[in-house]
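Order of writing sets the labels: A, B, C, D and E. Residues in every chain begin at 1.
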Amino acid sequence: MRSSKECRIAIVIDHCEGTLSHIFDEAMVRYFSGLPCVVSCYQDDNLSSPRRLEKLVAKLRKGKADRAVIVGGSPKRYEASFRRLDLGTGFNPYMFLVANVREQAVWTIPDVERAKEKTKTIVAKRIREATCLSPIGEEKFELSKNAIVLGGGVVGMRAALALADANIQVTLLSRAKDIGGKAIQLTHFYDRPGEVSSWFKDQVKKVKKHPNIAVKTSVELKGLEGSLGDYRVKVEDPSGKRREVEGSAVILAMGNDVIPNTEGIFGHQRFISPPQMEAMLADGGKSLVTDKERPLQTVTFILDLVNETIKIDSANAIKNAILLRENHDRAVYVICRDVKVSLDGMEKQYRKAREMGVIFIKYDDPPKFSLVNGQINVEVKEVSIQMRGDDYSLSILSDLVVVSERFVPSKDNQMLADVLGIPLAEEGFLMDENPQFARVRTNRRGVFIAGGCRYPQTLDESLVEAEAAAAGVTELLSQGFFGYDLAVAEIDPAKCAACLTCPRVCPHSAIVVERYAEGNVYVTGGYEKDFRWKAARVLPMQCYGCGICVSSCPTKAITLKHLTDDEISLQVGV
Amino acid sequence: MVESFSPRIVAFCCDKSGYVAADMVGKLRLSLPESLDIVRVPCAGRIDALHLLQALEKGADGVLIFACHEENCQSLTGNIRAKARMGYLHGIMERIGLEKERLDLCNLATNNGAKFAETVLQKFDELKKLGPSPVE
Amino acid sequence: MIKAEQKPVDEILDFLKPHRKILLAGCNACVAVCHAGGEKEVGILSSALKMARKKAGQKIEILEDCSTRQCEPEFVQELKEKAEEVEAVLSIACGVGVQTVARMFSDIPVYPGLNTTFMGETDELGVWIERCQACGNCVLHVTGGVCPVARCAKQLLNGPCGGSQDGECEIGNDVPCAWQQIYDRLKTIGQLHRMEEIIPVKKWGRESRDKGPRTISREDLKL
Amino acid sequence: MIEPNKAVTVGQRPGVADQNVLILGSGIAGITTALELSEMGISSTILERRDRLGGQAAVFACKASEKCNKCFACVVDNQIQEVSRRSGIRILTESTLGKISGDPGRFKVQIQSGGNESRLEASVILVATGVDFFNARQKPEYGYGLFQNVITAQDLDEMLHAKGRVLRPSDGQVPSRIAFFQCVGSRDETIGHLWCSKVCCAYALRFMKAIRHQYPEIETSFFYIDIQPLGRSFESLLEACRQDERMHLIRSLPSKVYGHRTSTDLRIRFIDPVSGGITEEGFDLIVLSIGMTPREDADQVADLLHVPKNEEGFYRSPPPDSGIFVSGACKGPRDIGGSIIDAKATAREIAQYLGGV
Amino acid sequence: MKSGSNLEKILEKGLFAVTGELGPPKGNDIEVVKKKAEFLKGYVDAINITDNQTAIVRMSSIAAGALLVQMGLEPVIQMVTRDRNRIAMQSDIFGATALGVKNILCLTGDHQSFGNQVDSKNVHDMDSIQLIDCVRIMRDGGTILGGEEQIEGQIKMFIGAAANPFGDPFEFRVIRLAKKINAGVDFIQTQCIYDMKRFKEWMRMAGDMGLIEKVHILAGVTPLKSAGMARYMNKNVSGITIPDEFINRMAKAQKPAEEGIKICVEQIEELKEMDGIHGVHIMAIEWEHKMGQITEMAGLLPRPAVS
């Protein structure tokens, strides 16, 4: 804490449209001006309006102050605008504090006199705290307009197209031999007429034809490192040659895998998976016959045995049930725990299916299956027509039973989570659904996720996520540079014991420990610029300024520039 | 005289939830005890065990940490770390004869203004019964 | 790294009872890495001690300092003028630090704040596991990189004993059987023959603690 | 969710500076689009009918129990504060849209705000007018408006948001038995609402979990047709509700509510799946999980801006070169998270349409 | 002849040996030793005397052994490497042989945390295999460890060791037996057997490695007193797994004690037929009075007198 002689504080009083005028009478203003190191005191009616801020800037530039304490409402009201003011060389716009007397004194303490007392204590504390403010600069670095999209499925393709249209150079990496992913098995949209495959082919054509997109297929993901503006993906193509792909930002769209349910009776050839049903429908139902050409008359869809809270199987089951009734006149049963109608237009589809004779059966205890001379006997207790206690159950002799596959995270998720420091949810999908990240953002700046690798969803929902992720990347790269303020953590190499606590606790993987940190730029404690010392280093552009590393560091080697430990201790001092 | 004793509470408020809820208490014009000191930190994970003890040492009768709800933290683990540090300090406080109730944590979100005021008032009464801090 | 754990604060208060002014000296090396004695812990312990004493009615004044490494006389020397002002020193470095301070400031009592426990490896942040007993004559080449002296409850050289079951030592509480790990390691690196030969009786008296306190001296360095 | 510590110096970008996007509605979709556009250096003007920002979701209460239950209500709160601080976004409250002339890219818009009129030029108009909640009075058999202790989910939200407590409107006491009726105004042929509002099962279960956490002794019942999942965290939420012995998930909808104005023992009759017969139960608070319906003034805005509508009356995306865009719940019921990512996608389309990206 | 002990003579003659076990008192009451010895007299060829079993402080094994020698019985003293360093162990061996003890069982010993001296420091200066090697050097080489100094006198010891076929890693257990044989062990007493299938597998593997001819293997058995004891041993005693079949039989039996003895006798019958088993070691700790009944029912009597 520098000696208080050097700092010259300007008090700026905001009457917040007159609501605080009764507090800021002459006695109060005289008290403020009398506080230590206060050199000037300005009053204003409404500091949140840009016009009045210009007037204040003029006064401050003429004044002798090098820091300010704003007395008024919540810091949220002033911070964004005040930090962008140009207050001349002697006055760094970050060197100000806000005494929130409105929310913490005037509005919460009815009695005016005691509210005034409280205002005085709050301002006095801020003055004490202001002595240890330090200037914070802003930095900018060029961002090349290129991005990497991992995963060549529908989501990856849509994201690549969206980025390419915003003239960002995209490298689309896909593990499969050709782009397209699993959605190619879909034959019909469930709510819009028209074949999926035609829409699908034109998507693939657009991606392959687009000048801004470089497609690399059948590549195995080996590693991913770097930070915003400098992400490097290591891939290995079939010949074993390793290559590195550069990009300023990354979109993870590796989709999810499926595990068919084939043990026990489910291995029987009369049990098929939803994609097989799509394929059967795609060739006009020619294969809907047994080997002895007898038509497979009754088809039963079994839902909610696995992936109970994922809507994909339910939507496809209802769509295929309608097609089976409409074009192939088969008897169709749908057995599920809850019919999932929370998709656009699905309620109407559900009613249409029932009108066409599809029988929906809802269960609480899962159905049992047995083989009865070549047919599958499905025994299930319908919830609405019998009491839970009854022991008899409906039995449906079906020729074909469609059982849904289990949706599991793709195998790259674990590796990426370890490499990037992105948390996995319990089932292993990327990023728990934390509202602060609004589904597409991750805790690593510049890395976005969309589609099945986050959570398996229907085609439309995944495509919107793809576009939202593309929007995130476009935002970052649209300005051509990334500007950030240095309200971040900084590590003093002399005190760092390289104990690796900070890179482990940092939620944004913004701290690296290099063997010999070439070119570590350290400005604290008078150490010269270039420092060869094995220590941890904070990447300023990745740091969110949360300060977890500062409070975890055992040797107090890290300071948080905009809220040092001394500032907190002074705030605590009553 | 216990009536005139109004316990001094230091509230460390996470800027993403606690502090905004404190502002909301003002907007709702709910009253808060005068002896409440609000300290603004960027994240509950920023609060060092040292600061919590310093607050108690400098005569605060009670210390409250207002952190985001779990799984709703911008820094992923900020609130969980604050809770873990509080547990560690409870161990030390017990050994030096300080009641555990003098250090507490409350999870809330930006729009939990009512909960903020209720928690502070509840702690205020609890500390009134507990009496001034023995470290006085 | 040397790993240590803080003594319960009430025990520390017991042996600090007679003193009104002390120096609390931390160390920013090994004990900082295991979050027991670094500068942060100095602040926490100091605050806790002051509060306890204030509560008990006998205020205590604590000077705080944290040396880079308390096993180096030069760094301990930096504590000199503070040590002269105080009645006692509470050192929360490892056992070595406490004794260096005791040797250099021989006229005042020096108390340990930590229990130095072992030399260990970091399992995860906040969890450290014993790995080495400093027996002076390493057998790791014979046991595939897993030390029976430090990690087997009976320090056997021809394990495992009869009590090893499902990879766990007979003493339970999730202690893995070192010799099961040695067996697995040797099997994977194809050196199982090392476990078939009898390892002769260890020469404890030659290099390990049993021959008495040891010193290492390098002729090329000490002039 | 605008990333903190990012450069707040978002200057206007050359070539796009004079482009201005007019956003109708300051719900979560409108605000998010405005913020995303400002990140890309495009300024916008938000037109809001009410005197406050945030639309329907602004008064949603936080539904956390021992951990966050992902209702996104706090995110709306953050976005509202962020948008009022961000320069480059002009906000006109208590104002409505007058006449519109000009062609795509050069719209001239006339705005009435509180009596006086103003004119505005906009290159793009974004319709983010959101939805209305179903007026539960249209289902008289549930007695909303008749019995004080029958409230809608919106009332419960406002009560929790303002007071942080659940109280019976009739006597202000904490209830002991609460019932949640699902699909009120959704999936209902009698009033022609043949759609599922997607969010009601999720918010009702979150309410129950939050209330059970705050008042451990309250009994709660959940009357539903089919439980509709929403988002990934729904699986653990549903699992927790099924295991909670004081939460009864009953797969049938009650026919009628019997009681008098201030009765704290409202009787309902329903077919109980366990016993199979008609059973009657008493509750002292009944919450109607009301669904979403298109805004009543949806038709005027649609005709004014030639926005096409689907059968249910929600908007469909207009042709891409029309200079008119639609985003958020006005396109169909969706949750706050859904509106946010839809708004991000629309913001990117607008930026691309303006060609300045 | 290695030590000329009765046990050695019987085994060398290829007769089926029977050894018992006696737990010395937790004090110096000689009568306890005498009473237990009387129960075993005539039913066994040699009597094991435990050495602070499960780390519980008891009379020293050598002292009790000497008492047995006075009574004309043949002790097998046990020595755990947990409690003594190499100096104490070698001097104790001098003493034991001087007092007429001719058989020794070299054991590692249970961890002190099982016993009533939990805070004690364990020694483990040597482990069981190194102890076998040491006794062999003293007997055949006539010198103490380190090889130079000649022993004043002759060390006549019949060396034994334990083996636990039920410990992990299972494949290694036979290799460990081989190591003990290379170290110079003469006879092996196994851990008490309940999982017969796994024991047979162990014996087969030992046979494949040609170990059966190189050492006398005595199979260990312990009669179960009650279902509770069975469950306790299964869970807490290290290295013992009792199949559910036995636990259920004990639980169903009206008189569990009788059932326990019946099971033990069945096991002994089965062990007698197995080739490579040169005897049985009956550990009836605190049930010494049943030895007569067990050996009688198993047809092991009368014990042969060999000169």
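A few comments on the model shown:
Here, a residue touches a chain if its C-beta (ideal position, glycine included) is under 8 Å from a C-beta of that chain, and two chains touch if they have at least 3 such contacts.
Since the model is a prediction, treat every value here as computed from it, not as a measurement.
Least step count on the touch graph, chain D to chain E: 3. Chains that touch both chain A and chain B are the following: C, D. Here the chain at the heart of the structure, going by C-alpha means, is A.
For the interfaces B-C and A-C, the C-beta contact count is higher for B-C. The chain with its Cα centroid farthest from the Cα centroid of chain B is E.
Most remote from chain A, judged by the distance between CA-atom centroids, is E.
For the pair chain C and chain E, the distance between mean C-alpha positions equals 41 Å.
The mean-CA centres of chain C and chain D are about 59 angstrom from one another, to the nearest whole unit. Put simply, the C-alpha centre of chain B and that of chain D have 33 angstrom between them. As a whole-number value, the distance joining the C-alpha centres of chain A and chain E reads 67 Å.
Listed for chain D are residues 4, 68, 70, 74, 81, each touching two or more other chains. Counting partner chains per residue, chain E shows two or more touched chains at no residue at all. Contacts with at least two other chains are made by residues 16, 20, 48-50, 54, 71-72, 74 of chain B. Every pair of chains meeting the touch criterion is listed here: A-B, A-C, A-D, B-C, B-D, C-E. Contact residues on chain A toward chain B in their complex (touch as defined above): 74-76, 100, 102-104, 107-110, 114, 117-118, 423, 432-436, 443, 505, 507-508, 544-548, 550-552, 560, 562-563, 565, 568-569, 571-574.
Of all residues in chain B, only 48-50, 53-54, 56-57, 92-93, 95-98, 134-136 touch chain C in the complex they form. Contact residues of chain D toward chain B in the complex are 4, 60-62, 64, 66-68, 70, 73-74, 77-78, 81, 161-165.
Partner chain D is touched in their complex by these residues of chain A: 50, 76-77, 80-81, 83-84, 138, 140, 162, 165-167, 308-311, 338-348, 351, 362, 364, 383-384, 386-388, 425-426, 429, 432-441, 445, 454-455, 461, 464-465, 467-468, 470-472, 474-475, 478-479, 482-485, 487-488, 543-545. The residues of chain D lying in touch with chain A in their complex are 1, 3-9, 13, 36, 39-41, 68, 70-72, 74-75, 81, 85-87, 187, 194-196, 198, 201, 226-236, 238, 251-252, 271, 273-276, 310-311, 332, 337-338, 340-342, 344-345, 347-349, 351-352, 357.
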